[in-house]
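In structure tokens below, several structures.
Below, chain A partners chain B and then partners chain C, in two separate complexes.
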Partner chain A sequence: MTGGMIGGARDAATGYVDRLVRDYSALVVCLIALFLIVFIAGMVTAPNFLTLFNFKTIIRDAALVGIMAVGLTFVTLSGNFFLLSMKETAALCIICFATSMSAGYGFEISFLLTMLIALVAGAAQGALIGLGGNPIVVTLGAAGLLFGLGSWWSDNLVVSFRRPHGAEWLGTGSFLGLPNITIAFILIAVSAELVLRYTKFGRQVYLIGANRAAGRATGHENFPMAIKVCMIASVCSAFVAIAFSAQVSSAHVNYFSSEFGSSGDMTIMVIATVMVGGNSIMGGFGSTLRSSLGAIFISTVDNMMVLHGFNSGPRVLAVGLMIVFSIIVFALVRRGARAQE
Partner chain B sequence: MTGIRNWVVENHDLAFAILLAVIVYGYFGLTNEYFATHRTTFAIMERFAVLGLVGLALTLCIIAGEIDLSIGSNAALAAVIAVRFTDGLGAVTAILIAVSIATAIGIIQGYFIAYLRVRAIVLTVGTLMLLRGVALFAAQEKTVMLTDFRVPDFITTKFFGYFSPASILVIAMFVLVGLFMNYTRYGREIYAIGGARKEALAAGVDLKRPMIIVFAISGFCAGLGGVIIGLRSGTAQALGLQYLLLAGTVAAFIGGVSILGGKGGVVGAAIGTLTVNFLNTGLVFNVTPAFMVQLYLGVLLMIVIMFQTGSRIFDRKQRRRQILGDVDARRGPLLARRTAAARRAPP
Partner chain C sequence: MKTLLKLSAINRSFGAIQALKDADFEIGESEVMGLVGENGAGKSTLVKIISGFDDGYSGEFEMDGAAVRFPNPARAERAGISIAQQELSLIPAMSVAENIFLAGDQVPLVATKQVLARRARPYLDEVGLDSVDPSIAVNRLSVGEQQLVEVARLLAREPRVLILDEPTAALGESDSMRILAMVERLAASGKSIIYVSHRLDEIFKISHRITVLRDGMSQKPRAASELNVQSLVESMLGRELRNMFPPRASPARDAPLLEVRGVWPDATVEPFSFSAYPGEILGLAGQLGSGSGDILAAVGGARGIREGRIAFGGRSFMPRSPKEAIEAGIAYCSDDRKLDGLFLGRPIRENLTSPALDRISGFGILRRGVERGLASLNAEKFTVDVSRMRTEAGLLSGGNQQKVALGKWLAIEPKVILVNEPTRGVDVGARAEIYRKLREFADEGKAVVFASTDIQEITGLADRVVTFYRGMQIGEITAESISAAAVLEQITHPFSRSPEAAQA
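Then we have the complex of A and B:
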């Protein structure tokens, strides 16, 4: 019984590799193998990489980008490409949150205000996209608008609030040894995955993304869907903004621009995460689980390169290579699938 | 007079762009006494040199139905390379190296987009990050600077009051690309793959050739723009120049391109860029902070998009009403004839 199962598994594995080589050209397989070798070698040779503490650090680093990526995945799955305004929504939201906190409104009201702004921003962009505007151009314009509003509101200054405040539990608190941001990331990722798999809304997202004409024919227009998914993405960016602001007790519109983290700006990092996770950019195929894993993967590679002492240039380069690589692999895989039909 | 009216009806996008440009120029010219002067015109032409290139590149991309998101990164890379090598190799060699690398990047992008059959936004968002990494690598994560300032001096020399070598070069580039797009087969192919890609492919257009040409021109323009910015200011940053994408897109859309592709042209790109430049320069004259410029550009882009989307929805409704009207008009007599025939010949 067990022997048979193992044998079957082995057959399945060799069959899988055979099929991989047959369908997707030997080049892709070689590239994947090469990447795996470099990855494992790097993992083994990096000092302090295989420790529990470092593992926790990796997930913590992945959390902020991961939450945004989970939100953006809804947009991508529904066939509306991606929002170029993720970082700018976060910039406006962080200013709103910090201004409201420093005015003494308390955590709850500040949280709700910020979420309200995110909902309005998301709904407006979603409505324009749903009416037939190109998502890239609409959100490029919205990005300029939101960033300008944020700068104007804060006068391009740092807004800070005093340390004992109601949001500390979110920013720096921890529960059972895990930072609360990590827990939030896990909760959001799991619930998003459940929503996509088991609710009517989730199935509609896939339907409209996979085949917009079929969706329209069966009464699922893109207009309400675009509004909903853009609102989800905006709320996720607002949440990230609040968590980050709670962590550093201050806000500035440039927190999510190129200075943030290590690798370029936040929007591109989020899009990179969605792509590296292996979601189809044309929509209809993928999951938020893939995006979460993509975030953890990018964070792992980044962590490894930091431990090896690389500067930001090679690290940005590595993320860029990962995106381009995943695009090429994905396109070739799709071609292979089409050729078989 | 009727000639003018026909022209306006035929080219209403262009007419709208010209109107907008005149309004913006008029507003700042009337409210600020320093705006409509010879010096300001020179400054506007200087800005036109860079933004015009980016606007031209994005116009071509959008005509072909695609968009090049990596244009800022490509420009930053070219700027870093040009500034870094000018001291060692001389300006001409450095410019040649930077521009040819940028063009090569464009060609590779175009080839991959056509070969993999992916949308350009998908690939260029990847190369955006990749090229930023390369630029950081090339600049060694520092701001690179010139030590010899004869090159910036040469670039900003005045000719005929309004022009510098840079802006003359860019105007020549506009004329060349305009002739290419309108009077050669390759140029018409670019319009064809943008406006009706399936039909163009069915009619035997090879997707690779127009795509490579578009992205080669886009890479060339980005590279040249980056080189001009870098060498004019004498410094370059690997993570800079990201604002070019927004400004260039606004310019292209004011110039009358449609996101569906196949529409617009070089003249529109020039006018769109000029409008953005008037706005930019005027806001600077009125002591507006830099971030407000971004706000205005964002608002402008949103308005243009809303206008386009609205007119598309209106067109669709109009067409539907027309079809329904046609059906009604034909059905009426048909029904009448049938009832008459039924009455004449009772069963």
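Then we have the complex of A and C:
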């Protein structure tokens, strides 16, 4: 379907253009077109849309989901599907962090303790997946376990800690007018993309994701990979939990279940972000950059709907439509590439 | 002979690539037409057009003298043209009879398994599966038998033209014989058959006429009796093929580089023993299921080993994973490049450096320049187009894919290369290049061990041959006495003695 375009570009002799046209054309054109439509619609219909303040809001709203999506992208790219326990990991971590803060251990200790829990949770899930466990079953089981632990630990109550506390800089602080959470999102997104592109580990993620059997045959085993990517995803979850807790100076296991971020369940939102970005659900194709852009895109649409006074029902519906749309476009793009054989 | 199908001045292009240029093709009634050409010559495209999978062509297409055009495979089938693709489309867990009537047109709405089995019988007889019970599951048959079931299924639709696309590519010698026997029988019963294959000996055995495609252009069909392998290959390549196989070497066999002592891989009957010496190419001959590929996989760390000992360069070495074999300097290239030989969705460059990430990185950071250099170097050695390094490997033709699958192993500078089926589904030109490359590699003082079901390859390439039969190691044939007859006897019926031997 992109044959004609290829013909025109071939003379340019740059394989890069070829690849760009073949792999991205339809997807990029559609996404950019859609983005522009949303953008212009927002501009025309909502007077507050085109303000610097609103842009900052959009990015800030995208930040928490975006950070988790960047982490989850590693899992997806490596061909290990999704972690369905993103939300529950965050739930246990936020309880851990808040409990530790309220006990007066300070930010550093609380942070490390929370990260430790996330690392253990991620490594355990990764090991089971790496040994051949079905990612859905393993992480669904882990989700129940982690949530149960958090719930038990906190007696299902809100854990709060008093301001001023050592985590305020992360939760509500800002630097040069940008909220620190936004800065964290940008830093994490950029470094994740650099890791994927320029490190041996990043290359292994793609290779194993593209063909696990060939990965094994060339000396890249999925077992250590599954552990590593699950740890990355869990750590991103934990970071979001800490940042959110720092923002509201409290914690509850249900903070990530509903009425959080844009709309609804955190795990669903994160998976939606990865998919809207156009990452291959089978692994081996995509990037964390796509997930980051997916997060911003969803956030923009959501922001516009909020400005227009939509309540959560239609907003969830919009996210669902975006997923369906990106899957269709993605499938078309890949088929276009295949048709050239 | 009446002409049944006639295609003339067919053009088909994909972007800037013209797959067919004014190509002509014809086939008569009850004729077997061989269709040959290198990979990328346009065979698949032509076959897709005839069978209705590809409608984007221009040109004349006549059937029985009337112009036709098939926008989809269903229409072609209704007109009486069926195609058996390279990949089987059977459902493994369903019975033979159920698979044959999968489309469900010729059966009553409600049919018991017995009815289906009874109806399937004649088609099975026709393809030579008289001894197969139609009610057993397809996955209990051999690959060759499954291939025949696939054809039986097409026959159930009573086609006039049957297209067989590389039906024997994945088959051993005896299963291939059954396919050839079936083709002859079908042609005798009035069906026209288009036979696409890389195996030239087969083409000669069964074709009445042969059409050669080269770079998308067709040559006039010629009677098989007017041609020989040499002239056919020349018209395929458009140049003279001096010798497909490089000259044999006779290395000094003092100290073995790789010693396999009583190694018993999973899925074989008994343990195997052989040695490979530096500078030689050792061939492991055997049909499908003989265990020759299993032992290679075991030495390469890809398959479990029950017992035994491997010594590599004089030191004991037991790989538990391909990773360990790679680290030791042993490369194992499997027979199924799509399964575990290539990352089809990734660029060629990444494929070529995939086993050697440590060589192209420092402190975990990839060094792009080093990677580009290493990949281009090995691509050039295997004559893979260096300007296409960013193209996905999946977009290459079969021959080029195989070159990349093999070429990537040069990146680790191995001391031993183990190759299972080095040229499966690869055209003549690429085949000669692969043979030359393996020989050069051995000449550098390294060892090549390859397993193959292709007799021509075994007899032409190997300096020494070890033979296998149904999971057992049979014997060894050294350079002077390697012949197709000797190898064939050991891999097809090693235990049936000739009369003289029985008396002795």
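In the analysis below, the second predicted complex is superposed on the first by the 299 of 341 C-alpha atoms of A that agree within 3 Å, B and C clash if a C-alpha of one lies under 4 Å from a C-alpha of the other, contacts with A are read in each partner's own complex, and residues count from 1 in each chain.
What we mean here is this: a residue touches a chain if its C-beta (ideal position, glycine included) is under 8 Å from a C-beta of that chain, and two chains touch if they have at least 3 such contacts.
No experiment lies behind these values; they were computed from the predicted model shown.
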item: Contacts of A:213 with chain B and chain C, given as first, second, both or neither; value: second
item: Chain B versus chain C as contact partner of A:327, first or second or both or neither; value: first
item: First (chain B), second (chain C), both or neither touched by A:183; value: neither
item: Contacts of A:221 with chain B and chain C, given as first, second, both or neither; value: second
item: First, second, both or neither for A:271, with chain B first and chain C second; value: first
item: Chain A residues touched by each partner, larger count belonging to chain B or chain C; value: B
item: Overlap of chain C and chain B interfaces on chain A (superposed complexes); value: none
item: List of chain A residues in touch with chain C within their complex; value: 3-4, 6-7, 10, 13, 15-16, 18-19, 198-204, 206-207, 210-211, 213-221, 280, 284-285, 337-341
item: Chain A residues within the chain B interface of the complex; value: 81-82, 128, 131-134, 136-138, 140-149, 151-152, 156, 253, 258, 263-265, 268, 271-272, 275, 281-282, 311-321, 323-324, 327-328, 331-332, 335
item: Contact footprint of chain A on chain C as seen in their complex; value: 14-16, 302, 321-323, 326-327, 332, 334, 339-347, 350, 354-355, 357-358, 361, 364-366, 368, 387-392, 394-395, 408
item: Partner chain A, residues of chain B touching it in the complex; value: 67, 69, 112, 116-119, 121-123, 125-134, 136-137, 139-141, 238-239, 242, 245-246, 249-250, 253, 259, 289, 291-292, 294-302, 305-306, 308-309, 312-313
